[in-house]
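One structure follows; several queries about it will come next.
All chains are identified by letter, namely A, B, C and D, in their written order; residue positions are counted from 1 within each chain.
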Amino acid sequence: MDSIKHFIFGDFNLVDAIPKEMVTLGGAIGITLGLLSILGLVTYFKKWGYLWKNWFTTIDHKKIGVMYIIVAVVMLLRGFADVIMMRLQQATSVGSSQGLFTADTFQQVFSAHGTIMIFFVAMGLMFGLINIVVPLQIGARDVAFPAVNAISFWLFAAGMVLINTSMLLGEFSAAGWLAYPPLSGIEFSPGVGVDYWIWALQVAGIGTTLSGVNFLVTIMKMRAPGMKLMKMPIFTWSVLITMVMVISVFPILTGTLGMLSLDRLMGMHFFTAGGGGNMMMYVNLIWAWGHPEVYILVLPAFGALSDIVATYSRKKLFGYPSMVWALAAIAFFSMIVWLHHFFTMGAGSEVNAFFGITTMIIAIPTGVKIFNWLFTMARGRVRFDSPMVWFIGFVFLFTVGGMTGVMLAVPALDYQVHNSLFLVAHFHNTIIAGVVFGLFAGVTYWFPKVFGFTLHEGLGKAAAWLWFIGFAFAFGPLYVLGLMGATRRLDHYAESTGWQPLFLVAGFGAALIGVGIVCQLLQVVISIKNRKKNLDKTGDPWNGRTLEWAVPSPAPFYNFPAIPNVTSRDAFWQAKQTKTPLWRDSDIVDIHMPKNTSIGVVIAGLAFVVGFAIVWHIVWLAVVGLVAIIVSVIVRATNDDTSYTITREELLAMEKEHKQRYTA
Amino acid sequence: MSQVKISTADNRTLLGFWIYLMTDCVLFGSLFATYAVLHQNTFGGPSGQDLFELPYVLVETLLLLTSSFTAGVAILAAKAGRKKQVIGWLVATLLLGLSFLVMEIVEFQEILSSGYSWETSGFLSSFFTLVATHGAHITIGLIWIGVMVWRVWKLGITQGNLRRLMIFSLFWHFLDVVWIFIFTIVYLMGVIGI
Amino acid sequence: MKTKLFLTLGLVVIVAVLLTVYLTSGVNVEILNPKGIIAEQQRDLIVLTVFLGLFVVIPVYIMTIFIIFRYHEGNKKAKYSPNFSDSLLAETIWWGIPIIIIVFLSIVTVVSTFKLDPHKPIVGDKDPLQVQVVSLDWKWLFIYPEESVASVNYAVIPEGRPVDFALTSDTVMNSFWVPQLAGQIYNMPGMITHLNISADKGSYNGSSANISGEGFAGMKFVIQATDQNDYKSWIKKAQASDNQLSQSAYDELYKPSKNNSVEQYSNVRDHLFNDVVNKYMMPDMSKNHSSEGDK
Amino acid sequence: MINRRALTQYIVGFVGSVLLTLVAFYIVSSGILTGWTAVFYIIGLATVQCMIQLFFFLHISEDGRPRWKLHSFLFMLFALAIVVAGSLWVMASLNDRMMPTTQEMQEYMHRQSLNGL
């Protein structure tokens, strides 16, 4: 009897799976109640039809972008809950007291924090912005493969659901956000935690690779006529280079996670201590993907800031070619530096020296970009709306992150501070001050283009200042603690170390950031409440320079009635200065738009089932899920009727209606 | 049958699939890099020289090469609009690919029956994974041929079918290129013993 | 906008400086007060790189503040030239100067990487003392092969004499780090890494810098550098200790345990360190730790 | 009718590939070359065959302006070369500094056999 039960349910049995630890159980109950109440509300207001038709099966790149950002914000709250737990633990778990959590729970919390913040918040915000903005900036109606774009988003969402299921059923990985073997091997992490981590990242990672292909082809093939590469907006340039990096390195993540999973499930010896495995190869491969990944996150943020600074300074971007070359140089060098993550593993001095030098070289193009932004502001009329306030915070804090990065690039110095809180403070400096501030500025800047009204300025600036000061108080002490010999990931430390006061200050800093996040949530709520007063009537609220501001806000689903012809850089600004329209009504012709498709939700649902089945070793369910995925791909691929036409008259009618909406 | 022309949308799909193939290249690259690092860790188990019989693998390689040729001719027949010839060459490709896959499974069976498996050593883990990943791609390709034979038989050579056939031929030729390096690095260098 | 910026920056800087001075006056910032030749040179590198870094950070801060005050939209006096978008001079400066800084830092990097290579023995009047370190589930085992003694979470070394730590692990990856003596190096099962240091007199905290499971936070140890005869007497005391580090005693020690107190062992089973390393190389004749039949 | 010129391209590509495969096979199975020289030749033959297949089967040259297919292939090759060559260089340096010497392994084996395990 027992073998049949094991065949059907694998290792899954409900009683064991429910978390025993009080805090995780509390979190699990909280999530379940939250989820049930949302489902209840939607059923109560009978919105399932609306959601299915307009959101679950949409292929509109703008709606998909909005869904990415919603998932990212929800995951930001989850990740920030982990921050509060870590700060409380490290502020109280001193000497005799064990703090609030056991070591195992604490290790699950920081593993989840790292994984969620990088894969679901930063990647989510980034792809959200990319989805919304890129087609509009290059004058296209949609991405190259709309159905694949839907699949990519829903795979990303399936990965997010899988990682959060680990809180309800089973446990999460306790081996850090990059789970080095042999700790993440089956011998030292026998639970399902690491499997949840692997398969959440595999599902989301495959979605990201598909997005890389999709946006690369979009930018290559679907630019408006006349928009040569060197006439593209700089944000689209950063996305083009980022997508080239995505397709060059994400398959390494897929391969490495696959091998680690084979080690755990099939008893293979890729990275095991004995059996002919070589754990150093895992560290090498995961960072060959890892370092380009953090540059994949930061380049779109740089691109967004370039567009923002140019618009708010009412000036051309300073040194456009130099900025493009700086982007390319950063992307090139980011692929030959990965060893600085394991200088201390013991490679030869010539190897360490080479990778140390290539790491320093990246600081040069990054510095160039900062000077170019400052000179863009020089001799301009700079208006300090909240995106610019985020930019000022970025300049002050990111430069410190750059300096500590150059310090960490020197191998002999890195031997001292590797895996210490100094390193933790450095990478938070570059990720929060760089990626998060840049993407927050981008979301505020392009918000009206998607929703039709601007965000509340006051609360936006308050949130920015709270993030800056909170950041200084949260990570200043961490730099000092790192120099005092405090390593990362400590769930307990001795009284004699004298670290507690600094951890208390760090806790205070985290609280400030918390208030900043509350301001951001308030900002959205209040902006929605009095959206009537902040309507963006002209479609060009910030006196923009690039094509996305040429269409009304919120942008119609077909974006441009006729594809604009572009003659120069900052196409929309030129059109405004020379008063030449980007397109004439006579150019409007019948257009083909892709139909909504449920392929994204179907494949992602099945991917979640396969992931869950593999985690709990339910073999038959994994096989059935995989076959179902293949069948649904075949059904979709052999379906020829995937687009519909909109006639010229319908377009003209819609355009007229847009104009009347604001002039009347 | 009239000559079917490739539209701009089709060109975009072909380029998109080509770039997907590039990502697959990098995936195989990471498996090759791991094989290169682990192939000497036999951990007391058999090495390449003990396991591989070159003539057997040569037949496999020639089968796959021929199936790549027949897939190419199938595309030419499709461009010329010859429905029966397309189905004929596709079935030939299917049979050649299937026999390649069967030979590979037989080779795995032999290794398993002599008491070794992917759990024996790092070398065998990376060998099985690298060759089996290629085998999995071949299986997907065979399913794809099956679907295409049915679609062409049912609808003839429509624009959609031609595009899908051309994508399939890209995929099949790409798998043959990957097999060249598996044949060289895994089998030939395994027998040389470097 | 301007006043807020100035106020915040001032507030943050003042508090940060106050905080650091207050907290670090009474407290030992280990990396910045090194007690070993290696750690001293690493501290000098920190000072040099911060100094070089400020060459870029300070100009950026000054320029940013100046530009905010000068070119905000309220200041109509400032020059407004919307097409001022390139200047060869500016480009050459901010490509050129960082390149020079980085070239200089690269030279420093190459020199320091080869000089401070943990693998390279330190040349001293006496030849290096061999100490073997095995990281276990959540404690450190120090083995003195010549004197055939061992101790847990505590090691005495003669001050001023070079010491060559041979490091391995019998469990997951760890990282052997004594901030006041030298940088860290990974311990990995099946592999031997080396760390060469020489220490002034004193007692130094060490820890594992790589997450190794539940007891990671408790993996603390102390390196005590004493003069020659204190070292000799500690060794004698260890040699006289009645618990011996036989294979079965080692198997007992292998079992996971947290926050281990200091222990001493006498006559260590010979080749113990090499067997711990090589056991991962061959199919498990004795991998299962409960193998009796040992002397 | 089937386009003659394209068919000859496929035949040339096919025959070329078969020949290169047979030559590589012969070099190894006959043992006329061994060790690194053999490896050098078969890698060369594999690369040539790869280029032939790229040109004749995958039509990498028939590419619109700008040649996206070729550029993306070359950039992927570049990224792949960095990862594979970089990994091999790094792992070689790590291994020869850390792996216990074969002599130590022999001693260990000897001690194991002595204990009759």
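Here is the rule we go by: contacts are C-beta pairs under 8 Å (C-beta built on N, C-alpha and C of every residue); 3 or more make two chains touch, one makes a residue touch a chain.
Note that the structure is predicted; figures quoted are calculated from it, not measured.
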Middle chain, criterion being Cα centroid separation: A
Of A-B and A-D, whichever chain pair has more C-beta contact pairs: A-B
Where chain A and chain D are represented by their mean Cα positions, the distance between them in whole Å: 36
Centroid distance [mean C-alpha coordinates] between chain C and chain A, Å: 32
Inter-chain centre distance, chain B versus chain C - centres from mean C-alpha coordinates, in Å: 49
Chain A, residues touching no fewer than two other chains: 216, 220-221, 247-249, 252, 274, 278, 280-281, 285, 288, 345-346
Overlap residues in chain B, where contacts from two or more other chains coincide: 11, 15, 19, 22, 25-26, 29-30, 33, 37, 43
Multi-partner residues of chain D (at least 2 other chains): 68, 72, 76, 79, 83, 87, 91, 97-98
Touch-based graph of the chains, sorted into line, ring, star, complete or other: complete
Residues of chain D defined as touching chain B within the complex: 1-3, 6-7, 10-11, 13-14, 17-18, 21-22, 24-25, 28-29, 34-36, 38-39, 42-43, 45-46, 49-50, 53-54, 57-58, 64, 68-69, 72-73, 76, 79-80, 83-84, 87-88, 91
Touch list for chain C against partner chain B, complex: 282-283
Complex contacts: residues of chain A adjacent to chain D: 216, 220-221, 244, 247-249, 252, 278, 280-281, 284-285, 288, 335-336, 338-339, 345-348, 350-351
In the complex with chain C, residue positions of chain D that touch it: 97-100, 104-105, 107-109, 111-112, 115-117
Chain D contact footprint on chain B (complex, rising order): 11, 15, 18-19, 22, 25-26, 29-30, 32-33, 36-37, 54-55, 58, 61-62, 65-66, 68-69, 72-73, 76-77, 79-80, 82, 85, 169-170, 173-174, 176-177, 180-181, 183-185, 188-189, 191-192, 194
